[in-house]
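The structure that follows is given in the form of structure tokens.
Labels for the chains are A, B, C, D, E and F, by order of writing; each one numbers its residues from 1.
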Amino acid sequence: MKPFFALLILTAVSITTRAMDADGKYRIIAFGAHPDDCEIQAGGTAAMWAAKGHKVKFVSVTNGDIGHWREAGGPLAKRRYAEVQEAAKILGIQTDVLDIHDGELLPTLEARKLLTQKIREWNADLVLGPRPNDYHPDHRYTGILVQDAAYMVTVPFFCPDIPHLTNNPVFMYYPDRFQKPNPFKPDVVVATDSVIEKRLDALDAMPSQFYEGGANGHIGLVPTEPEKKKARARQVRDGFARRYENQADRFRKDLEQWYGADRGAKVKYAEGFEICEYGAQPNKEQLAKMFPFHKD
Amino acid sequence: MKPFFALLILTAVSITTRAMDADGKYRIIAFGAHPDDCEIQAGGTAAMWAAKGHKVKFVSVTNGDIGHWREAGGPLAKRRYAEVQEAAKILGIQTDVLDIHDGELLPTLEARKLLTQKIREWNADLVLGPRPNDYHPDHRYTGILVQDAAYMVTVPFFCPDIPHLTNNPVFMYYPDRFQKPNPFKPDVVVATDSVIEKRLDALDAMPSQFYEGGANGHIGLVPTEPEKKKARARQVRDGFARRYENQADRFRKDLEQWYGADRGAKVKYAEGFEICEYGAQPNKEQLAKMFPFHKD
Amino acid sequence: MKPFFALLILTAVSITTRAMDADGKYRIIAFGAHPDDCEIQAGGTAAMWAAKGHKVKFVSVTNGDIGHWREAGGPLAKRRYAEVQEAAKILGIQTDVLDIHDGELLPTLEARKLLTQKIREWNADLVLGPRPNDYHPDHRYTGILVQDAAYMVTVPFFCPDIPHLTNNPVFMYYPDRFQKPNPFKPDVVVATDSVIEKRLDALDAMPSQFYEGGANGHIGLVPTEPEKKKARARQVRDGFARRYENQADRFRKDLEQWYGADRGAKVKYAEGFEICEYGAQPNKEQLAKMFPFHKD
Amino acid sequence: MKPFFALLILTAVSITTRAMDADGKYRIIAFGAHPDDCEIQAGGTAAMWAAKGHKVKFVSVTNGDIGHWREAGGPLAKRRYAEVQEAAKILGIQTDVLDIHDGELLPTLEARKLLTQKIREWNADLVLGPRPNDYHPDHRYTGILVQDAAYMVTVPFFCPDIPHLTNNPVFMYYPDRFQKPNPFKPDVVVATDSVIEKRLDALDAMPSQFYEGGANGHIGLVPTEPEKKKARARQVRDGFARRYENQADRFRKDLEQWYGADRGAKVKYAEGFEICEYGAQPNKEQLAKMFPFHKD
Amino acid sequence: MKPFFALLILTAVSITTRAMDADGKYRIIAFGAHPDDCEIQAGGTAAMWAAKGHKVKFVSVTNGDIGHWREAGGPLAKRRYAEVQEAAKILGIQTDVLDIHDGELLPTLEARKLLTQKIREWNADLVLGPRPNDYHPDHRYTGILVQDAAYMVTVPFFCPDIPHLTNNPVFMYYPDRFQKPNPFKPDVVVATDSVIEKRLDALDAMPSQFYEGGANGHIGLVPTEPEKKKARARQVRDGFARRYENQADRFRKDLEQWYGADRGAKVKYAEGFEICEYGAQPNKEQLAKMFPFHKD
Amino acid sequence: MKPFFALLILTAVSITTRAMDADGKYRIIAFGAHPDDCEIQAGGTAAMWAAKGHKVKFVSVTNGDIGHWREAGGPLAKRRYAEVQEAAKILGIQTDVLDIHDGELLPTLEARKLLTQKIREWNADLVLGPRPNDYHPDHRYTGILVQDAAYMVTVPFFCPDIPHLTNNPVFMYYPDRFQKPNPFKPDVVVATDSVIEKRLDALDAMPSQFYEGGANGHIGLVPTEPEKKKARARQVRDGFARRYENQADRFRKDLEQWYGADRGAKVKYAEGFEICEYGAQPNKEQLAKMFPFHKD
């Protein structure tokens, strides 16, 4: 198969960003390893896209069935499914969970085909996912699977039962803190101040992971007295707020570039995304159209 | 197993570059993911080696059976097999295709053994392959498989049915444009001006991929009028010529180092290769012997 | 599953270094691909820990059954098992070998679970392993498997039959010489001068790999005359001594930082370790406690 | 898990045949290895069920992409998909094809889950499939996969994302001619005389397999002259008619039992099914209700 | 490898039944698919062996983590582990559970090695397991795995890290009701009247499976009123008692052969076992020694 | 794919036995699990075919690398490879060994393709293999793999890189003693009296398995005194002679049918083969032509 950059010359297929839908709306699909990863990483931007009529779908590649210190298996998978449905309602998006055991994801051909099918069915313009370097093996293998699908979605006779995409989507990564072999560097940043309460509400809708502490939680996190319950809820919500604040600080220069020095300096909560080298390669103008929030 | 650099001390086996054959000829084997990748990446250098009597073999790790927008499966695999045979005849080399589905390559033990067998059967001095970061999953996994074979070819009781190599070959990568986690950096460059027509002829011999556009092509690329057919053929050929020109520009400094400032500045078409850290590590002099074109 | 750095906020679980045992002793487990890799990479530090009463275990992930030029299979696996037992006795540690074929390690779920079980059973504070870039595929996949276990050891319902670790261990890499995608950089260095004879004795106890030359050896390395036998033994031992000397030179600056300029300048034999970004992230003070050798 | 016959005692779940739908209609799902196997084996009975308002779905477990002597791959898969859709229209049923390569089916966990999902989504009362002994490996492994799903469809936390069946369906086999280890023996037979033209029409709608001869066909089967084309079509249709006649003769005694001596003796075309020992075990009365054709 | 019956001639290894231990005690290991299968199938005979000082171990090949209608995952696996430990205490035996997901067992090489290791570690004279035809896929694949280990336990360099058995154990099957391809036929039967209360107590110790109904149970089986609770417990216990009564009736002729007409006619509760053709083939006298209950 | 017996009607491909070669010679390929199984099971008939100019090839599906009590791994694989080459020379046939670990064969797709390729490359009229029920897992899985290839060898686009067979070969099984689910029943028997010394010589050429006792042997079988060595050699040879005598007795009735009562009663050494139901189904006359020994 010819190296990617030859395509420009040899075919008539656009390999940069596809045109929007006829209705001028983008279609975004985000993959996370567990039923909470997309919500944490892209919940704010998702809510903002949704508010403008763009179509967003979150897909958890595993069912999250070991993501708790006391519960596990199918009952937990069902609980987490209900939680992401609730979060999706709050954010104004759709959501889906694949039936793969949490902690057991591998970059198999079967999983590659499942992701390819999801991207095609959603007719995506933009695909989000984790980088293949992150602390959890499921995160890393989700990253690899998204990469492995990045070109195959355009190949007609890979998964021939589902129409291929004639325009390759843009693929982008969520931020992480890992430095090796190379650190995350955002290609676009989004101020999520306008939806911060909504996106925190969405996280509140997933108590199994946050209020109760998920796989590394313990009974001490789940008080019974109303006072302490309230305090715990506040602690979790504040923790996430602080996280997005820290992210704004970390991406401050990028915020100032995208929003102008003044506005950028004042952004309180931010999300950022890095272009994956596999998939369509948008220029800055195209990015600005896909993330149409900087002039709001 | 002892770390590689201990071998120098502990054994009598040469771990740098092996001596040439008794006849002073090198044996080169190049792996590509699909029946066209070796031809694109190393066709010029291969033709130049062949012209000097060195032995070159191209191996496509998959059979390329989804590499077209209208054809697929065994019939396409057979067509592409015939195309690479034709190209090989033009280049003066041998070629082989493994029976693995296109788009479905994984770094399995079975595939690792197949590559090990091919390298040993060819009694290779030099092995070429893609880096494990490239836009197509088959390219990446071909890169990983070549790495995974890079030391095992010397281990007598891995694949004990085929005599192991007592000298570890040099392993080198083809160029690509990807920057993360680190960009391609050529350790040797080759001016292919003298064989440019022959190497373009070889690519012309693979119409399924180039003239017709491969997996991302479409009916519009396949005109019926003679005029337009000619124009399309020219467009494809020019596209590739431009590619190797761009590559010469990209590697200009290296060309000037290898060919001297004057000659290097005038090279029009170039190929380049980067040493893989796994396998024998040739010094510049040894590289110059393996790529004996700079004094031509 | 929430990104790792959120854990600090959301749970009460310590994610940095765990407290020592009640007895003030650390528990260290080191993984190597073959029955000699841990001994080469960490034998000196292991002997020093053991001398202070800390508990060290070496685990070879494959059974080393193709690591010789003349012997192979189960008989070799048994010989190598006996060799690492002998080396462990010399170093004052424990050792274990998994029944996986040498040269055939893959990052499967089964292997990930085996490593998780070993780490948990040892109740480890510190886990050592190779980086995922090294010349031998078994080394690389051992590195990946250690990474893949790095968070899962803390998840209660992954391998629910073995109690999870409530404190995530620190994970560290052995040194290697590979530069891409990024070179090894030690976060801690250890002068092993005080145990150099013992650690070389431990390597002498593995003649299948060193005296006889392992997979790349040959009959010429195994003389029959007593004089030559002695010379060969000396050659091997000197080779390793030189290796640790070279390592001291390579890590000289780090040695001077950790031991002070004076002492650091005089260190003759050194080992070094780099923190893996997955797992607990110790600060320098915590490292100094885990490697309590710098004030000796 | 307790042996199956203990369930009667220990639980309140019916393990024989489930009650019909509220609307008195049965839901039948039939699995075949390739896009033509269900149509050959159960097309007549399916048409008769459909005519009475029962719901029938055919599922091909592979996409049939090597089932032709000249075509293959995705283009053939798409052609065959269209053929079974056409056949389904004629028979009055629904149909589905899984994206698994023809000739490459294995009894994997992924495939077991796919079949479980299909059975549950169809809310099946009756599941049909091949015996695990047949001449084609895909047939045998389809048989094994159906068996492997036969109990799991009732287990709530197997594939927890799809509601389990609270009544275990009946599982039945298609006829084959193989004698070892034990021959096919029909537990119910159906006279398909009333739908013979329709069921032959359905087979005519699959020219890739029958008119053109499928994997073992050849160019000689595909005449160009109208006369010969007609003759070939007639030959194929007659061949199938004869097949169902032979089957009526082979099952004559059973026909006489089910239809009475008189009517049974006159049945010209028949289909038959054998109860799989795994799944609900209907008695004769229950079978008569599920195959409500004997009094027509 | 030479066909099994050649071994008699060619080697000095006994291939029939091994001599007892020096202490005259047999060592029996029983495999079940889930944490309750061994207890149901062989609990009575196990208790009788244990009472005579023979050593019995039950091994569940999966962890049973989907065997309940309301609970699942690791928490259920832990509950079931505790239940089989409790049952083992009552029966006077040992027990073990492998960490493989319930409903997901496949006859892999990894699982074959695990069973081989268990049989060798127990130094077994007799191995029990299900036939490879049963209603649950985990049962069938447990049967296949036991068969796959049946000869390999004697091969020194299969799993070379664990000493092989120099005498091949006898392998026997539990009863089931399935007729195809051939029905279960007991080669030995055991009256368990003397331990019936103890063996029912052992089953009572597994409420997750029986009292609560396991995977096919429902809330209606778990009453809250003390009266109904008692009634439910009695119903479960009576159900099992009836099961072993039915089994005695089914094996009546065999009971009369083994116990004499008089005693055999009066046996109320029975277990039976069929010799697997793979493994040592005991004659009747040897069986009588291994099942030393018929003269009690 | 249409059931096999439909092929007669629908295609022009012969599905019974193929015509002989132009030279009137048959091409036979025999598969065994280990380097000795074909020699034991079909060595006599092979020698008789070879003597008449028919072409015979033996293929060992595993490399036999654990088939000894003292040796193993690659060195043993090489020894056994040399042994079967020696045996093949004696018998006048060709032989081949696949590089798959002894004791680790599974019915994978990769192995299915390897067997398909071997059958096609040999252009076989007749394929021999073990039944899928035998005492050694490698034997069983060899049986399954031969079955899995039995139809696929005729499908053009399965392994499209090797020309398919236009006539399906006959597939036959070797004898074994196992009764369940059904016993071996010879469809053809061959008196091997005329080649008994030669076929015993061939077995003598494999001392690793027979003289030394293979996996179940021991040091006591390998005497050092010349007298005892001779006695041991005689014991092994006599053992095999007795085996073929027993086989003649077991197949006596068949021998009398095939050779006439008189001659049949006198046959001393016999081999027998059973037709596999998958593959071409020869009638008795066709069998007599393929096994042209009964009139000798």
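Just so we're on the same page, contacts are C-beta pairs under 8 Å (C-beta built on N, C-alpha and C of every residue); 3 or more make two chains touch, one makes a residue touch a chain.
No experiment lies behind these values; they were computed from the predicted model shown.
Enquirer: Spell out the chains that contact subunit B while also contacting subunit D.
Expert: Output, common partners of subunit B and subunit D: A, F.
Enquirer: Taking all residue numbers used at the subunit A/subunit B interface, answer same if over half belong to both copies and different if under half do.
Expert: The interface is built from different residue numbers on each side, given that under half of them are used by both copies.
Enquirer: Among A-D, A-C or A-E, which chain pair copies the contacts of B-D, with over half of them the same by residue number?
Expert: Matching pair: A-E.
Enquirer: Taking each chain's centre as its mean C-alpha position, how far apart are subunit D and subunit F in Å?
Expert: The answer is 37 Å.
Enquirer: Using mean C-alpha positions as chain centres, tell me how far subunit A is from subunit F in Å, no decimals.
Expert: 58
Enquirer: Could you list which residues of subunit A touch at least two other chains?
Expert: In subunit A, 65-66, 72-75, 156-157, 160, 181-182 touch at least two other chains.
Enquirer: Which pairs of chains touch each other in this structure?
Expert: A-B, A-C, A-D, A-E, B-C, B-D, B-F, C-E, C-F, D-E, D-F, E-F
Enquirer: What does subunit D use to touch subunit E in their complex?
Expert: 1-7, 9-13, 107-109, 112, 147-148, 150-152, 154-158, 160, 181-182, 277-279
Enquirer: In the complex of these two chains, what residues of subunit D are touching subunit B?
Expert: 65-66, 70-76, 101
Enquirer: Can you name the residues of subunit B that touch subunit A in the complex?
Expert: 33-34, 36-37, 40-41, 64-69, 72-73, 102-104, 106, 133-140, 176-182, 209-210, 213-218, 220-221, 235-236, 239-240, 242-243
Enquirer: Please give the residue numbers of subunit C that touch subunit E in the complex, ascending.
Expert: 63, 65, 73-75, 77-78, 81, 97, 99, 110, 113, 156-157, 159-162
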